[in-house]
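Just so it is clear, A, B, C, D, E and F label the chains in written order, and each chain counts residues from 1 on its own.
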Amino acid sequence: MDAAISTLLSPVILFFILGGLAGFARSDLAIPESIAKGMSLYLMAAIGLKGGVQVAEAGFSLGIVAALAAGLALGFILPLIAYPALRWFGRLDGVNAGAVAAHYGSVSVVTFVTGVEVLTVGDLAPAGYMVAVLALMETPAILVGLFLANRSGAAIGNGEGKGGALWREVLLNGSVVLLVGSFLIGIIAGKDGFTPIAPMFETAFRGVLCLFLLDMGLVAARRLTQSRALTVRLSVLAIALPILNGTIGALVGILIGLDVGSASALAILAASASYIAVPAAMRMALPRADAGLYLALSLGITFPFNITVGIPLYTALASWFAGVIA
Amino acid sequence: MTTTVRRRRIEVLVDKPLMSTVEKHAELAGIEHYTIFAAHSGRGHTGRWSDDQLTGALAKRMFLAVSNEETSDRFIEALTPFLDSHGLVLFVSNVEVVRGERY
Amino acid sequence: MTTTVRRRRIEVLVDKPLMSTVEKHAELAGIEHYTIFAAHSGRGHTGRWSDDQLTGALAKRMFLAVSNEETSDRFIEALTPFLDSHGLVLFVSNVEVVRGERY
Amino acid sequence: MTTTVRRRRIEVLVDKPLMSTVEKHAELAGIEHYTIFAAHSGRGHTGRWSDDQLTGALAKRMFLAVSNEETSDRFIEALTPFLDSHGLVLFVSNVEVVRGERY
Amino acid sequence: MDAAISTLLSPVILFFILGGLAGFARSDLAIPESIAKGMSLYLMAAIGLKGGVQVAEAGFSLGIVAALAAGLALGFILPLIAYPALRWFGRLDGVNAGAVAAHYGSVSVVTFVTGVEVLTVGDLAPAGYMVAVLALMETPAILVGLFLANRSGAAIGNGEGKGGALWREVLLNGSVVLLVGSFLIGIIAGKDGFTPIAPMFETAFRGVLCLFLLDMGLVAARRLTQSRALTVRLSVLAIALPILNGTIGALVGILIGLDVGSASALAILAASASYIAVPAAMRMALPRADAGLYLALSLGITFPFNITVGIPLYTALASWFAGVIA
Amino acid sequence: MDAAISTLLSPVILFFILGGLAGFARSDLAIPESIAKGMSLYLMAAIGLKGGVQVAEAGFSLGIVAALAAGLALGFILPLIAYPALRWFGRLDGVNAGAVAAHYGSVSVVTFVTGVEVLTVGDLAPAGYMVAVLALMETPAILVGLFLANRSGAAIGNGEGKGGALWREVLLNGSVVLLVGSFLIGIIAGKDGFTPIAPMFETAFRGVLCLFLLDMGLVAARRLTQSRALTVRLSVLAIALPILNGTIGALVGILIGLDVGSASALAILAASASYIAVPAAMRMALPRADAGLYLALSLGITFPFNITVGIPLYTALASWFAGVIA
């Protein structure tokens, strides 16, 4: 409880809340899009590098393989849970349900980054290889979501978009490439190679995260107020799905033997919903799905929920599962 | 006075991730020269949108080409099946150009 | 050949801080779909300007909507009182569209 | 109904580093008011390009002015020698404006 | 005198001069708008945070209330002095005089930030709560300026813009929200919460200020050369008004018992002219006023004057008043 | 050899390779243009400042004059070598040969910056005044290239562009102004003035360089794949010219008595091809030259070659010449 409150009162989260309040009050506060994009790329490069350096230090372990396998499995399974909930409880058509399910099966880099910050402050720093799990979990859900949308009869873009462009979007998505690339650079460079660039990627990290979350608060509020298709039922799902997925993630993490910090990180990944890789792929493959809707759900509701309530919740669950099982 | 000839100006509003479809059909139809502009924001059947470079999913572009009647007809014909599925917005109008042989 | 119908293309150059007035009247007049572009720079009666995001006071936007004659007339009528006070620059022209029922 | 009059809409696609030539001739021809837009990308005889702010060499702008027939003819005449050497792309079309005396 | 020269030779000011020279020579040196905007937001967040942390350290004091009240009063009174000067000496019509008066009654964040830097180097660091005074002084002058413009018969935007949008612009202006928000976050986080983000907001501060002032130099030169309506009389006022306002500010600051540093900061606030909050509000409420003119005056003349000559001058005045009164 | 491999494995170069690979695979990874431009300006300001501070420390020396004179001479002579090679071996027409020759006679700031990083790590830090040589070498080649193109009968823009705008572009080019300006500010401020802004301009430097080279890798790959006019012959020249120019530069540097580090820096300058100042000037003065072509050569081939292979090669050459001559 105390931990949850101290999380809420850290500048990182307070800036997010400031952004959200400003957005709801329709203040004209706005961070230029290119700056926000730049900060987002910076955060990915930094988290990738740091994860790689940690793996270079810690060396290879069986835990890595187990975590990667678990992440991959979650990426394929979670959308299969979300889809029926979105169709029958959320009353979405097949195309939109498939598109939204893909978002919830995939992951949000910034939710992960914020979670790692919070866990590290609470002495539960997850293993460096969780960055690789993050990267691996970005794409499987896209494939499952498209499969589900197609089964429901959505001719994907008139046969267009199925081709190379879509596959490139899915597999060579910018955030995947940057995460994996920086991770590998971190492994190659190791601690010695990282030291000269550490002031940029480590010391400045939290400050940048503050400003980025300020923007995310603004964006989340805008998404929420601008969408037309948001219903109460869907809003309920945008909170229920991350709780369910986070619980599954925490449980799986503990069961495969991860430490509490890493299991919490896996829970945060499972609970988080994509807002970079998946929206771009859906726009290309399912142009008829309502982009305003899936962004309102993932960015407008799930993201703020995870940042403020979810992260401490999933951490508590992981600790509890660890206690029960031990 | 400089002599001008009539040509067709084709404009297509298209989601950024779907621009490659428009470009492909432009090139197939024989439109070799075109220019693309970034839209800033707008309003459509799903409400207000504005380009946030972050998700990229809401960005829109304006494709602009000036060409002769024949080429432009071929291009419009080729795009028609995508108007609905890709949510394209297509306008055509008349313009006058100098050095008409270039278009 | 794909059949097209004639519609009206309305363009309004407007200062960024005054765009909400144009949008409000567009929606009142029944223009539900429109697109906005950012201008880069220009020259008017007070001299050269260019958009510096810092003060925001000099930014200009281009409002673009394609609609039928009736709606567009209503919109122009509604905007006319603001042309002078808000320094709006309004152009109308003809375009042809496919799927005319959508406009 | 608001009365409108016919004017000429002139658009010139031009490389960013050569814009000053277009502006100079616009002002000489009596075009005092104009607006400039930034292009995002395109395709021409040397292939695909897109504006990277780094080198600046590939950036393109769209010059837009609405003016009366006489002024616009003078401007087109003045630009004609540069169409080839500067790779300008120039379109002219008709628009209707309110408060025609301003253009 | 020595202090004034060493101020002029600090990199921060030298970068401003470099920008100004490049701008006048019409070099194509240009900092992307979004980068400039990003740096401006960064400076506001940083100054807000640091002010808040200082207040959290120093605790509440009566000086805070006195300074806030003085700032508020200055915000309402200064435009009333500027308006007649602009109308009769400057020969502006009522609308433009009201618009310009609002600029001089309000404040410039970057002038303040630069002033705080210079004062801190000279061991005269103003109190942290001066950031709150800065935020409070942004808006009153807008209301007074609009009142004056209206009295002169300017139908504000045909009855449009008087509504919610204008009030939102005035009260929820981005810079006010960011300053106040960061100030509150600084108070809540305190020194301990600030430490992890200090590398971003404290260590990098002066470097960013250098690059930002480089851009301001370029912008100031452009504003000055592009305006058509600038007259000699108006240019005289663009230097006389800050001197007058700065003198009033310094005197008021000393009279209400502020230390020399804080009184100098109040003088700098009074002397500075807005170029963010007020232009945006004027564009909305008084679209017929000439934006090129008010930006030429506030950004093209007053800002450079304050940065180079004004800051040391007002500091000297505050010290002198303090000596006379003590 | 070892040094070359450790250079290739440093994060700075690895990020460049990552960008290149992502670009060739046509990943949608992209750094916003304004961020890239901002980083480029930052790198120039930082290298200028640091050079100036070093000169302020080291004082004036005859080496400075010799290096400046050598740089100036190279700027005039190198395009005269490149032009015939481009015309007869490369089969370009006069206009394009002149435009490309100007690029190879001028310099690339980022190649220089990367070279200084690599040299510094290898304990061969060049003298601070090499920044002044860099600035001086930006423009002469533009004049020579235009002269060559004109001789071949290219009516430069119909008599347009010959005027003030072109001269301003050439002499007051943004990168020249920023480099020279920051260099002078560094000299004026000296070590004491630099210390407060050092966290921004020194500590963060390598990290920014990493991200900037990531973008350069993407840009280089795009230039290479988008150009239509690239031939095998021209590609050969885009590698042969930098080797030739670098060899000349290393030799000249050693002959005029520079230390190995500074001579290597001169070699790197000679070998590098401009992609900022010269393309902008050529677009203005020779609008008929193919911008896609000269950018493909300088950015797409020569830049990557220099970053990965050239820098260690020219350093080895300079060391070898120094040994032979000593």
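One rule holds for everything that comes next: a contact is a pair of C-beta atoms (placed from the backbone, for glycine too) under 8 Å apart; a residue touches a chain by one contact, two chains touch by 3 or more.
The structure displayed is predicted, hence computed values, not measured ones.
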item	value
Intersection of contact partners for chain B and chain E	A, C
Fewest hops from chain A to chain D - one hop per pair of touching chains	2
Farthest-lying chain, centroid of Cα atoms versus that of chain B	E
Chain copies touching (chain A, chain F) - same or different residues, decided at half shared	different
Whole-Å gap between the CA centroids of chain A and chain B	35
Inter-centroid spacing, chain E versus chain A (mean Cα positions, whole Å)	40
Multi-partner residues of chain F (each touching 2 or more other chains)	32-35, 37, 169, 199, 203-204, 280
Set of chain D residues in contact with two or more other chains	37-38, 53, 93
Chains that touch, pairwise	A-B, A-E, A-F, B-C, B-D, C-D, C-E, D-F, E-F
Chain A-touching residues of chain B, taken from the complex the two chains share	15-18, 20-21, 46-58, 81-82, 85-87
Complex interface listing, chain F residues touching chain A	9-12, 14-15, 18, 21-22, 25-35, 199, 203-204, 206-208, 210-211, 214
Residues of chain D that touch chain B when the two form their complex	11, 13, 37-45, 60, 62, 73, 76-77, 80, 83-84, 89-93
In the complex with chain B, residue positions of chain C that touch it	1-2, 4, 7, 9, 23, 27, 32-38, 61, 66, 93-99
Chain F to chain D touching residues, read off their complex	33-34, 36-37, 40, 155, 157-158, 160-161, 165, 169, 219, 222, 226-229, 275-276, 279-280, 282-284, 287-288, 290-293, 295, 299
